[in-house]
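These are the structures, in structure tokens.
Below, chain A partners chain B and then partners chain C, in two separate complexes.
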Partner chain A sequence: MEKRVVFRSAWLPYALVAPQIAITVVFFFWPAAQAVWYSFQLQDAFGLKTQFVGLQNFAALFKDGNYLDSFRVTAVFSALVAFIGIAISLLLAAMADRVLRGALAYKTLLVWPYAVAPAVAGVLWAFLFAPSIGIVTYVLKGFGVDWNWILDGDQAMLLIVIASVWKQISYNFLFFLAGLQSIPRSLIEAAAIDGAGPTRRFWTVVFPLLSPTTFFLLVVNVVYAFFDTFGVIDATTQGGPAQATQILVYKVYHDGVKAADLGSSSAQSVILMFIVIALTVVQFRFIERKVQY
Partner chain B sequence: MVENRPGLTFFAHAVLVAGVLLVAFPVYVTFVASTHTLEAILQVPMPLWPGDRFWENYTQVLTAGSTKGSKAAAATMLVNSTVMALVIPLGKITISILSAFAIVYFRFPLRMFIFWMIFVTLMLPVEVRIIPTFKVIADLGMLNSYAGLTVPLIASATATFLFRQFFMTVPDELAEAARVDGASPMRFFRDVLLPLSKTTMAALFVIQFIYGWNQYLWPLLITTDESMYTTVIGIKRMIVGGDATNEWNLIMATAILAMLPPALVVLLMQKWFVKGLVETEK
Partner chain C sequence: MAAVSLRNVRKSYTSDLQVIHGVSMDIADGEFIVILGPSGCGKSTLLRMVAGLETITAGEITIGDRVVNNLEPKDRDIAMVFQNYALYPHMSVYDNMSYGLRIRGLSKEDISQRVKKAADILELSKFLDRKPRALSGGQRQRVAMGRAIVREPQVFLFDEPLSNLDAKLRVQMRGELQALHRRLGTTSLFVTHDQVEAMTLAQRMIVMNAGRAEQIGAPLEVYAKPATTFVAGFIGSPPMNLIPRDGKLLGIRPEHLEPCGEAEAMLSVQVDLIEPLGADTLVYGHIGDPGGNGGNGGAGARVAARLHASVDARTGRLPLRYDTGNVHWFDPASGKRIEG
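Entry: the complex of A and B
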């Protein structure tokens, strides 16, 4: 779609886009180009000499057990965050769509965690689950569960999943609620007249009609788990214990900033860029479909 | 609702109340912890009822930070967070609305190229270009400065697309009338488009306020000076070691201070917040 009526000026449009383009070039394209350039180079330990090594950094990464493990950790983490987050939010949204009284109050009480920074969410849950003083740890001990996420990798993973899901529930909830409210009442009524109970109606009518929202949220949640959960991890497990929670983004940060391995970190950045591009393509493909739908 | 089933309605309320409590529980415990002495919290189990150290703890963090970890005063950090949370949305809105105006209302040779340049930035989040971006900031001498904290985060494809999408829905007749009346493009922009864009701007502002306030990785990288810490970074810097060595009462007081402003913005501007959330994702 294009505008029929346009203004004419030889210089004005360039002046208007100049600020955004300047920032984009300096802080987006230039660093991204440098990341690609560094990824083909090898630096010595003191950063004094650099050497062009072609694809060697990439080859080394794919032979590195730690890196492949980080892929596995990221896959498990994002699958758990997306699945648990979507399931809980869908349940809450379906219930909120059902109740007549207090629907707005519930909505208000459920949306605010969106405002909490991921790092703060991490600190909150780390405190609840703290191995020696945490209140949840204390309750778990009562049930005979020995909780120590500082030593146990699976528990550390569970902790960051809980903190990440907690923060994302409000977002998923709002989209599901909007999706549910846009389903025509007549369809639900028709199903009810045909004798379908609430559960049956949900799975055969409501859930299929919600599938565009669900798919959209799936993509958004995977992106969220890949990138925005950096704060959660850095404030709690810092990738540990023994890299059990080291997702790809955290490894880029760790190798580049803490271990100062520029070549490898940049190669990882480039791989991540490809993942983002793939995810963006999926997201836009889907949005094309939503417009027609 | 299509049928009356009291049992099911009760179940729905029960699930929702459980959800609300589950969501609120960590924040309640945080608040309780921020009102006790450290000794009280280190007891197992910690008290679940607010204590009497509210003023002492909050005055301590606001003026002097923690004693074992970061000594940055929360008052300064709140100012820094506020600067980030205001400059980023205002800057984003300004540059995005200008470039969207140019892309929609002008025809110029590099138009599509520029459009795609902006689009591609969607695929380059800070997380994937951490170190080179840090180097650029260091080379420009922008470490530990407000400019360094905000300017790199201002460019945004989503905001530009949002305005572009909105401008597309503005009737052509308005621009035509403005041209017939001899109004310059900027006059049309100021007197017609800006007033029409108010709701879009408000929605975008709420979302970007939260985005700016909650920034983590970026300030973590480029602030080394305690006076430039944002609140979220400050909390992380107050955590110094294992369970018992942290001053949890002070950390939790700072956490409450860090959550309060964005939570208030979401609750008070809920209508704009929901609109912004739904539209920026389209």
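Entry: the complex of A and C
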């Protein structure tokens, strides 16, 4: 039954939602509108004169090799973060699901990284992997690996992928564990009686039944890699070396704040806004039809 | 097909919690056995030990001439139907039924032939392409059975497969199960807590109580000669009346009581509840003060009687008589039947 509060006063309900709406307007709609406005303008180097230039900022972006490169970096980065994060957490969840007794301890331990702020996670991993003084660097040297992400773009990418994945695993893990525990035991038993071994059971019964969870996490992880990893990157590579780890959201910040190119930066953030909207639509579409099989 | 035997089978989930206390039974090839008992008595546990889904703490289970204690479920050549059917929700009916056959590496033609045959028997041919969620409860139940029969196993195991169906469908499926067993003749173990299911399906049944087999026998034999007060009280509806008499327990079934004149009365009951069922009427009451010929003891005991609908049942004093040939005696301490 639906429980509904009926207000007799005409203005009271509006007054009650007003603060929420005000916050949304001030902190979301207003800056978003400003970004759209700036994206149509060109500012001189000293910020003294602005000029309306229409879609020129956008046109310039798509001709800019750096920007397109940032797209490629973002695609690689988010694919790696989403895929590795999902694979590792699925593995951990499947193992935790088998040990029922220790499950709570596992859960608690695995949830901790999620509570760590992105920048702190970044600093933590940056220390571990620091060229010449990091402990992992030291161990790697022992294996004959020359580790220096300050110079090597691939290694820098690897570092931010590791730090970002580490932070997101707990979130994925919880969803997978809940998903696994909602699969009736009798299904697994039926498959065992039908003759399927553990591996086959996993791929033919468990994994397909987890596909709604996996898809949901895929979207969430891509969004995470696109936007929430800003702190990780800012605390470690800062987009370098030579833009090897400059994902779109970092480039917005870099161009706008460091290079003070407000028009281009705004245009970039408008593009990002459309990407978020697209991803959100995909996710809502999906949540509407919860069951896939 | 194969015979199954349980020898002194025990199960403990934890070191201090034993739930099956030594059950022994020999099941002949092709027999239909029902395991009957109240909730929590260990029926599912026993069945799952035969299936290989639970380890056997002590004792021995053989299927055919193999001891299966240490065999995986897939190597025991059994098929099981679960209470919630356990159909694979992401697979079509056809894939559900053929899953086990594909794993066993049968040829495509062989699989398709077996599935078609089972689908024919179970009237599922129209639904082979559907997913389980697009089927009714009864149809899902049939798919679960189909998945079991295509495997052509040595033994069928059923864990309360009919308990999620409505009353009418349950009666129908009961009939179909009987027909199926006549046709295939596969050794079957069927768990239920419903005594009507047990009475109608079983060739022999095993009545369990708190992890022990109270009695093993053909349904009518168990009904006619309950081995313990537990069985007497569990089978029959309403259950057998147990009245303390001369330091023993006198058992008499409600249908064996009949109204009579005061002079003949062997029991005198103070009726306080009447349930007219159409064909007959159930009356319940307490045995009143000793009176009448046989009213020597048991005052206060609760008694039920099944009277013909023509009897005008009323609350108040009701003199009853019974045939001494229908009486059972039990030892009040052990609950065991006293013969003679």
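Just so we're on the same page, the second predicted complex is superposed on the first by the 283 of 293 C-alpha atoms of A that agree within 3 Å, B and C clash if a C-alpha of one lies under 4 Å from a C-alpha of the other, contacts with A are read in each partner's own complex, and residues count from 1 in each chain.
Please note the rule applied: contacts are C-beta pairs under 8 Å (C-beta built on N, C-alpha and C of every residue); 3 or more make two chains touch, one makes a residue touch a chain.
The structure displayed is predicted, hence computed values, not measured ones.
Annotation for the three-chain superposition on chain A: chain B and chain C fit side by side. Judged by the touch definition given at the top, the superposed model places A:Leu187 against chain C, while chain B stays out of reach. In the superposition on chain A, A:Leu109 makes contact with chain B only, not with chain C. Using the contact criterion defined above for the overlaid structures, shared-chain residue A:Ile21 touches chain B, although it does not reach chain C. In the superposed pair of complexes, A:Val205 makes contact with chain C only, with no contact to chain B.
Superposition on chain A places chain B within reach of chain C only down to 5 Å, the least C-alpha distance between them. In the three-chain superposition model, chain A touches both chain B and chain C at residues 189, 192.
In the complex of the two chains, the chain C residues touching chain A come out as 51-53, 72-74, 78-80, 82-84, 86, 88-90, 99-100, 103-104, 131, 133, 147, 151.
Contact residues of chain B toward chain A in the complex are 1-3, 5, 8-9, 11-13, 15-16, 19-20, 23-24, 26-27, 29-30, 33, 41-42, 44-46, 48, 94-96, 98-99, 101-108, 110-111, 114, 117-118, 120-125, 127-133, 135-136, 151-152, 154-155, 160, 167-168, 172, 175-176, 179, 185-186, 188, 210, 213-214, 216-217, 220-221, 232, 235-236, 239, 242-244, 248, 251-252, 255, 258-259, 262-263, 265-267, 270, 273-274, 277-278, 281-282. By the touch criterion given at the top, residues 184, 186-187, 189-196, 200, 204-205, 208-209, 211, 291, 293 of chain A touch chain C in their complex.
Residues 1, 3-9, 12-14, 16-17, 19-21, 23-24, 26-32, 34-35, 38, 88, 91-92, 95-96, 98-100, 102, 106, 108-121, 123-125, 127-128, 130-135, 138, 150, 166, 169-171, 174-175, 178, 185, 188-189, 192, 198, 216, 220, 227, 230-231, 234-235, 249, 252-253, 256-257, 262, 265-266, 269, 272-273, 276-277, 280, 287 of chain A are the ones that touch chain B when the two sit in their complex.
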